[in-house]
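Next come two complexes built around chain A: one with chain B, the other with chain C.
Entry: the complex of A and B
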């Protein structure tokens, strides 16, 4: 991250500046700072949106820059969420269990604690034993490692298999979709070891911060998400700039030609795929403590398609486009479906946005694809070009 | 004892059968009863047989109803003249019914009527005799009811009446059932070992669930444990601790059999420790140090030594107890010859059942494959032939299904409405497909990934529109009655008619599409545009028109598939998304651009899914997960699918 890198990419500085101002602004206006113009739940929504922006830039790098339309990146997001959720759920349940067991005359043995925690967590799927998946759930450090390692390894193995046998284009998209579907179906089983349909819940309660009000916790996560987004942005901006960036874009535009030029295309693709998967996992690990609950529906194929939708609407091939797309579409989505948008009476029929938002989104998406292939980000081109007049 | 009695009774029956030939059948019920008046009034279990045999021999039509009433304590004797009546108490008096004619015979004061109360043994004899009547009752429904009653609570007494009634059974189906039931009864309660083994051997050729359960009943085992296997036990198998039975279960069996002391569960240890805290210590160990198993155990041992609590079961005691006893499963049936025969018969039956199950699963798989084929064939045309990824394909399936539903709202006759719905669904989705091709896809032919996203936009919009119009709840698409029911080949192999119909429909479509693509002008033009649109255009073919028609054809077939799928599954706005991923995988696995490939892909996926379900029947989700994992791996090794196009046709 030299001076040269930043001076070559002025948009990175601009982005960091805007993000910083935004973070400060939200902090000042939040309930914690006393102004209270922005409610705690909205701070959470904004924090979640930042996480979605992070996975969106990951998606943009893998699709917009490298040309791999992955329809499975939300699987990595979900895995990250599950990994951190396991620790949150275990640690919090353990605190509660120890508190109740300490009321007895005799101090509890470690086995009793484990049994009681297992009973609490897995009672809902009719089991009391800890599955092997939870082997490290008592250690925050190991689970944080899992947030990075599991998506990374999965992407590495999957990508290695797929790229090695030259599965490209639409086939790869369908294959990644199959991957996330398989994961979702697996998680839906009650004996998956991750509480099946129920998912993991109560994640908004952070162990060790029981006395801290949610307003402060949510602001903390908001900052963490903003920081992660900033770091992720710089990282990806660095990855897609310079020679490596050129090769990656070359793969997108003409894979065979890059291969004939002597580059090992598969390695580059595998690197991008795995790196974006890891970042997606981190985004998920930040997202779900703010959402409070994760269940298998989160990794259903539709989620990953929406991710592609955000990136396409925001504008592929530019990182801030992905951020814009994710922020605009997800915030509008919660505005429309949350009843924020006014209904439109047509006399004979009233358009209720909770029912019609998806119709609008679907058709506007078609319109964007047809008429504005550059997405919202394309608007910046017009402004910049007018300013430069090169 | 009972068996001896029964033998006597059966003897009587056969003798009376001979007598009946000679006796005049005009003797009425009351006369017969009067001949045995003392016996009727005060029947004895051993002597009542003669009376019943006489009654049966009288061949009066109302004997059966008399026996029923007698058994139910509804028969009374008038002490004044000794005549028998059916009577119902009304206040102080009884309303009498003449048992010969069934007409009212006035009333009688309570003090002249004596209720006849046959004891339990007699009632059982009467019941057995009644079965004989019911089994030969002219009313078929009553015979069926009697058979149902027997199979509900089978009993040794029923064997002879049942076998006696087989001869005269006019209904062949019922006769078969009687024979089968008699076989079941003989296998379980037969009088001699030879008889039972004979019956069991006959059962080995059967297939039905009832036979299997009879054999299993003969083979019922109880678990036992003893220092050594007791004399005369028919041992099914000896259990080895650790492999056949885990230690905890084995030890519990020992405790239940009073062969070992009961272990003290951790909760009880804890309770005992809690109850014996003195001065902040238990057994000399401070309470604060009781947070681990070792210290707790030591503290408990100290208490046990002091005699306040029973001692713990140490691992040494446990191991000794486990090794000095034999764990076994024993048959409740004491005769090893019978159980061996039953085991052999059951093995044979189960082997046959397994063979038929494979056929059954194959038929299920075939029907699943035809559903996948129907869902995917339209996609194979648009995706395979044109290279267009239509994410809204699933929604075309849904549109077809809703078309079928709407047609049924207007045409109440399900057969006609189905005949209308099929072409109409084709027309509706053909139109939708053409409109989509003209408005959207045409502009995106050179950008396949964006087609995917644009059609996804259409897909979510259509799905939400359907939800807004038809609501979120599932709508019925009722199949005509001739499609209800199933084709039952035997007790194991059966297939629903609707699935056969879908299979036939899939075959028709396979033939139709092959015909259109290979034998018609349109097919030729489609194939030429697929291979080289520029060259095709210079030959005078309009690629735009061909693309539009091809897309419409693919979408139209999706609509028809929607009607077919809606007939057996529910119609919801989300039904399309249930099939879209599967359909894509079918096309990709089979090999793009080839109808045969789609067929191969659908068969592979259908058989695979059913096969995995067969090994793990309780878990469809797991089956689907494994199947998808298999497909992901499969594509790694055959990226172009099963039927890969070669040469110029492969394009790229």
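Entry: the complex of A and C
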């Protein structure tokens, strides 16, 4: 597959080259390498951005290629984050608890340790018992499995029900939105077993790496995110190339024609929906240890709508477009809302970007939709066409 | 000539309106058949029932030597068991090339994982060339099908049906919006296809039906009004009253 596939898709090689150079550049300029031009917190921002790029290409495959406007993919992202967050929180609390209990005269029993860990984690929601959800939280391996399995199974069941009933278009979008809203509302409850609206915190502290400075950890996650994006990009580029790409683009453009050609459209949609959900879960599992905290607001419907906006601005139906959209918009968003952008005094009114950024984003979205339906990625077409003319 | 498809006593209503009323129909293999009838006669519903898009309220639809019922099968299963359908409006995948359109239709395994690991084969490529030659699009294989003319799109869709290698081809108004020369090509295409398989053509245009030179079934208010050669049915008094007389 690989040899012929990569040589036929030069854009994949270009992407990998740019991503590799970017990763190298950030590494050299980071505090770990000694130059320190890029602060540790900015390395984290960039690492998180790479994770957002990964979920954006998943969104592009499901929406841009297969035509399913899912407004719920951040649910899968959040589930991935929660799954890894449970292990991070459990393992780290256990280490702290054991350390403090060992200072006592009598060595603690395993039950005492479990109780104390439960107290530490769930005291905030007025409980000390471990809910069943945390059954595997002491095992990194099992929780990593959950990162893939839970989003995958949820997408499989949800997708099977929705696609089987031939729910399409805007109705499907509403349904996916309801799914992520339901998940958020469930998580907001204190007795959900996932600490209600406190969410899971302290995720930036990796158990077993207590002595490693955050500068190094952040770089490690940055590399892992870059690697995940590279692998995800190659995987999706392979899926959407060749005959599979033909069929799923066919489903986007004319579902019934594909059906009367003898393809079971629902199975294809389910395949794409589930695969992209799994990749979204992985992206979330890499994102939240860099963010340090996850709470139910992360899976609120608005997050998934932003995702659609990134992909639309970046350019649907091309993977690098989705990467560009996610990177540009999310970095601009943190610049504008993080106080990076200077306020504009108009005399009678001062434009404060923390308030006005969303308005600007809204206008850009409308402008892109009206005037550049191909998005930022469409610029490459112009460049390529000019190159051809020469 | 064996019976390939048989409908008997088929009825379907939409909100009280009887679109198909106790319809019985047979076609053999190979055979070319034209179906004519005024608007609302149930021509499209008839195709919808055969291809599994609409489920009838009553009646039987039986296909092939093993007499399998099509009523329990999904659209894609029916398509895989050998029934191809051409829509009235040309429906090809406009964002993709002619070659990609034909490749998608080639009769290969249709499961997602088969498709994911599918690799082009010399026989597949040869078959695509052959079909492209048949439909007169050999020089356009690398063009995006959205750029084709209306008539070429119609032929491409017929080519996609041929690539599916169906035993029964249902063709809805293939000549609509075509120039006389294009019509002639289309007639030849359908006639050739009907040498080895069953072809059902739904058509409004009498001149086109005459050129097909085949048995004609006249539909009216959801059931068969008359059947026979074109000359025979055009002399039928009922047919003249409901359709031709107007």
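Methods note: the second predicted complex is superposed on the first by the 387 of 390 C-alpha atoms of A that agree within 3 Å, B and C clash if a C-alpha of one lies under 4 Å from a C-alpha of the other, contacts with A are read in each partner's own complex, and residues count from 1 in each chain.
Basically, a residue touches a chain if its C-beta (ideal position, glycine included) is under 8 Å from a C-beta of that chain, and two chains touch if they have at least 3 such contacts.
The structure presented is a predicted model; accordingly, all values stated were derived computationally and were not measured.
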Which partner does A:170 contact after superposing on A: first (chain B), second (chain C), both, neither?
-> first
Considering only touches as defined above, state whether A:243 meets chain B (first), chain C (second), both or neither.
-> second
Could you figure out whether chain B or chain C reaches more residues of chain A?
-> B
Name the contact category of A:271: first (chain B only), second (chain C only), both, or neither.
-> second
So, does A:343 touch the first partner chain B, the second partner chain C, both, or neither?
-> neither
Would you check which partner chain A:262 touches, where first means chain B only, second means chain C only, and both and neither mean what they say?
-> second
Which partner does A:100 reach: the first (chain B), the second (chain C), both, or neither?
-> neither
Pick one for A:253: touches chain B only (first), chain C only (second), both, or neither.
-> second
Footprint overlap on chain A, comparing chain B with chain C = none
Name, in rising order, each residue of chain A that touches chain C in their complex.
-> 239, 242-244, 246-247, 249-250, 253-254, 256-265, 267-268, 271
Once bound in the complex, which stretches of chain B touch chain A?
-> 266, 270, 273-274, 277, 282, 287-288, 290-293, 296, 383, 389, 391, 440, 443-444, 447-450, 452-454, 456-465, 467-468, 577, 581, 584-585, 588, 619, 621-622, 624-625, 628-629, 631-633, 635-637, 639
Footprint of chain A on chain C - complex, ascending = 51, 53, 74-77, 79-80, 84-85, 87, 91-96, 100, 103-105, 110-112, 115-116, 118, 160, 164
Hey, which residues of chain A end up touching chain B in the complex?
-> 69, 104-112, 158, 161-162, 164-167, 169-171, 173-175, 177-179, 181-182, 185-186, 188-189, 191, 301-302, 305, 308-309, 312, 355-359, 361-366, 369-370, 373
